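The following pair of complexes shares a single chain, chain A, combined with chain B in the former and chain C in the latter.
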Partner chain A sequence: MQNVNLMAHRITVYSIIALLALPIMATFVYSLSSHWGASILPDGFTFKWYAELFSDSRFIAAFGRSLFVCVLALVLAMLLMLPTIFVVFYYFPQYDKVMNILILLPFAVPPVVSSVGLLQFYADSPFTMLGTPWILIGTYFTIALPFIYRAVSNSFIAINVKDLVDAAHLLGASTPKAFLFVILPNLKKGIMASMFLSFSFLLGEFVFANILVGTRYETLQVYLYNMRQTSGHFTSALVMTYFAFIFLCTWLGSRFSKGNLS
Partner chain B sequence: MNHNAPSLPLTTSVRYKRRLMPKLNRLKPIVAVLPFIVFFYLFQLTPLFWVLVNSFISEGEWSLEHYQEILDSAFILQGFKNSVWLAFWSSLFGLLIAACLVSSLRHLDGKIRDAVVAFTNMSSNFSGVPLAFAFIIILGTNGALTLLLKQYGIIDDFNLYGSHGLLALYIYFQIPLGALLLYPAFDALKKDWQEAAALLGASQRQYWLKIALPVLSPALLGTFIILFANAIGAYASVYALTAGNFNVVTVRIASLVSGDLFLEPNLAAAISVVLIGLLAFITAINQWLVSRSYHAKR
Partner chain C sequence: MSYVQVKQLSKSFGKQRVFDAIDFTIDQGEFITLLGPSGCGKSTLLRCLAGLNPVDQGQIWVDGENITDLSPQEREMGMVFQSYALFPNMTVAENIGFGLKMKSTPAAQARSLIQRFVELVELKGKEDRYPHQLSGGQCQRVALARALVMQPRILLLDEPLSALDAKIRKSLRQQIRDIQTELNLTTVFVTHDQEEAMLMSDRIFLMHQGEIVQQGSPESIYTQPANEFVAGFMGHYNLLDKQVVKALFDLDSPHKVAVRPESIYVKEEGRQYEAHISSPKTAHVLNHQLLGNVIRYKVQIEQQEMTVDLLNRSSERLLPAGSRLELLFNLNEMQPVSP
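Coming up: the complex of A and B.
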């Protein structure tokens, strides 16, 4: 009985995982096949789609732009969030609840809705924001916010902020110094984990990039979308390259968050 | 103003400093939070506020005209209907499959469990445009799976670009998200409970109906809402799959602000407000259900 049950659980888990893995595997095979027309299995295998992809300067440029926007957005998010979370936890712990509601906003409001407001608001602004990477960096900061706040505040809970800062004070450090040299090093793992996880999330962002900026500053996802008319093998190679990158980031992120637990 | 203190001549500045220090010290933490507030305000709060205000403005005057327009337009209402239909069924199926995965996973050993969690984490990022492309490859008109199923006569014809194709796509991206949200909740189920229930003569079915489900219900309801919101707000995958030809509410909104013709940003704002209202309404029902459930009664 026990064995039969275990078998059933195994089958459930493996079949759901297989279901989830199917589109990824199929894309992978498609990206490696020379031709896959109206048949169940491809005709032959080749690396030419990847070679074509990496020799496309438009792809390299779009990838570079995506990296630039995502990295800058994350740096901005960290610069803004770390002092804020510290202040909340050290001075006003009662505001943690307020923050938890605030960070739900980027999560609860669909990106399409936010972009309607952003388009209207920044259309009349004195600086040109629409069509530039700067508006993306600002909006990406908001979507990274929930991830970063959750992860970093969890690391804050794990260390005793009050005692650490008070001890630093006793030894003659000012509060900013205590924050920089005592608290920050203790949060390193939480910061790194949330950086990698939100990075892989931001890299997949399409809605803001397409509506607010579009082809004026073509990021990876917009490039991917614009390539939809080309060969499916080529787009598969593109999807797989993107996914390999995501895989690396999530893997690094979970390595860091696991190290944080032990 | 306090900010002027450093620019005063040295002697007065020192004197001022002594008096102002306590005040300044109290202000310092606020200063550290200020940049965050500014950015959050500029990129999250004002856009929302503008959506709300603009939805009530028609030709430069306050009016409810755009809301009237939504009610009169069968096209927009159909978009809402399609969105709710997709969101409801994809959340339900997604939640069920995710719950099966998570509950079965608890019986497997640690290493496999970690690998599966890592995999779901990763596949939750496989959404939007790349996912739509992958679906076209396997389930499109000449997709490998479509051909395979056709060959064995399981299906006659499968239209990926219609409502059922979209539903399959939606369910796909709901499963990993649902699983990630349910992992911690299922940890609340203690192994001894099942053993205790079995000792007292409860069947497997009774255990699930009388013990496990009541304990899990707040988490299941909460996850359902998040999945629902996720699905109703989804845009990238529908847009990439159907090029905006399938009528869902997010496609309607986007086409009114970034389409090639018929730009009507204020109507888009009004539809957005209705969409947010709908989400708020569903969340409120959910809260009410949760408050009636097992945990609240204790």
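Coming up: the complex of A and C.
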């Protein structure tokens, strides 16, 4: 009885996975085929499209811009959040609940709405923000906060911050030293997990990138969108590369959050 | 003058008063236990001594120096936590050496100190293990070594044994006491376990709702409880109303009277008893608990229920419920206790 049930569950799960994987597999095959028109199977296979993609300087530049924007936003968010979470957990543990709600606020407003709001707000600011990477970095910074707060605060919960810092104090360490030597090394997992997960999320973010900056600072998402008119084989290769990269980041993130890597 | 003097110490969290104007002194090398039920303020008092909680009022003096306003870093106190509080990212040796590193002790000197204290707590060969590779008892010994290596003026222990299983607890409490005696360390130990307090301490400070209700040697606290709370906390004392004492023993007492369960005997036929032994009282057994070397009977004498501890001698059968007993009381051991 148990086994039959288990089998049924397995079959359901695997069929769903297969169904979801089908378009991805098709895209993958399409990106590798030289021509796939009227026939059931492609006429032949080639790496031509990938070669074309990786030799396109516009692609490389867009990829570089995306990396720059996402990494900078994440590093800034992490630098702000680590001391903040430490202060919450060591001095005001009762405010963890409040932080959990506050941190979700960027998600409460749909991106289309908040990007229009940002457009209006920064339209008549003394510095030009719109169309520069800085506004995107600022926006991504707020989007990354909930990911970082959740993952890092889980790492904090796993250790007894209060007693560890108290013990370090009694052994002569100042609070910054206690944080650096005793707390920070134990947050590695949470930091890595949240970095990779929010990175793969930000890399796929399109609405803010397109509305706030668009082609004036072409990031990977916007490049992908602008390339939609070219050969389907080429865009498939682009999508597959993109997908592989995000998959790698997500996988690394979940490996870290499960603690298989240390 | 005493080594440690605590004067009029008060502490509140917001509106909640934890303790108010506490006074006590501790001599050098003394082993003091703060004993009391959970929530009575033991940990808070200990953390105030360590400087981890600021005090509202009062002073703490150690060795003729007022340390009330010193930070925890400057107090030269060692502390062991119930949670061990070992640094998970550091090995045993690195944990023990952390305080030395903060003091910038020269490497060679630090190494030999770490070695000495690793041996003292019997963890030789485990220097390179991480805390998650150690048992609870081993963790707590690392925590002890980490505090001791700093040669603290006072060692503070907050329920260090409570998270351990019974067997480890027994051996570790002996080990702590031995090390404390060997190093002649002034020690304040916190526990809610009266057996632990009795076994380890030079003196016990018994706390109740933020007050030290009685202090003294384990023996004096056990045999002369100052009030009903102490009698209830220290053993399985029978508390008899003064009317019952008058009726049963024809004694006048201003308060309730505490009678230890082990000071009650079964009358042996044909034996002569001294004058301070009461006349025999007829009791009926209600139930019993087998505690190993002792059998604890719940009995009824007239309208009064009492607890009686009898040695578990193989020659005597367990008395079933309903059995009749002739019990004798030692009148010298009737302890009047204030409410």
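Everything that follows uses one rule, which is that the second predicted complex is superposed on the first by the 252 of 262 C-alpha atoms of A that agree within 3 Å, B and C clash if a C-alpha of one lies under 4 Å from a C-alpha of the other, contacts with A are read in each partner's own complex, and residues count from 1 in each chain.
By definition in this document, a contact is a pair of C-beta atoms (placed from the backbone, for glycine too) under 8 Å apart; a residue touches a chain by one contact, two chains touch by 3 or more.
Predicted, not measured: the structure shown is a model, and the values here were computed from it.
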Inset, instruction - Judging by the criteria at the top, classify the pair chain B and chain C on chain A as clash or fit. - result: fit
Legend entry - From chain A, separation angle of chain B and chain C (C-alpha centres, steps of 10 degrees): 90
Inset, instruction - Specify the partner with more touching residues on chain A, choosing between chain B and chain C. - result: B
Legend entry - Which of chain B and chain C A:P185 touches, first, second, both or neither: second
Inset, instruction - Would you check which partner chain A:L171 touches, where first means chain B only, second means chain C only, and both and neither mean what they say? - result: second
Legend entry - Partner chain in contact with A:V75 - chain B first, chain C second, else both or neither: neither
Inset, instruction - Go through the superposed model and pick first if A:I159 touches only chain B, second if only chain C, both, or neither. - result: second
Legend entry - chain B versus chain C as contact partner of A:F243, first or second or both or neither: first
Inset, instruction - Enter the shortest inter-chain Cα distance between chain B and chain C once the structures share a common frame, rounded to whole Å. - result: 11
Inset, instruction - Could you tell me which stretches of chain A are touched by chain B in one complex and by chain C in the other? - result: none
Inset, instruction - Would you tell me which residues of chain A are touching chain B in their complex? - result: 5-6, 8-10, 12-13, 16-17, 19-24, 26-27, 30, 36-41, 76, 79-81, 83-84, 86-88, 90-92, 102, 105-106, 108-121, 138-139, 141-142, 145, 175, 200-201, 204-207, 210-211, 214, 221, 224-225, 228, 232, 235-236, 239, 242-243, 246-247, 250-251, 254
Inset, instruction - Could you please specify the touching residues of chain B with respect to chain A in the complex? - result: 28-30, 32-33, 35-36, 39-40, 42-51, 54, 97, 100-101, 104-105, 107-108, 112, 116, 118-123, 125-131, 133-138, 142, 144-145, 147-148, 151, 172, 175-176, 229, 232-236, 239-240, 250, 253-254, 257-258, 265, 268-269, 272, 275-276, 279
Legend entry - Residues on chain A engaged by chain C in the complex (per definition of touch): 159-160, 163-164, 166-174, 177, 181-182, 185-186
Inset, instruction - Can you check the complex and tell me which residues of chain C touch chain A? - result: 47, 50, 52, 71-73, 75, 77-79, 81, 83, 85, 87-89, 98-99, 102-103, 143, 146-147, 150
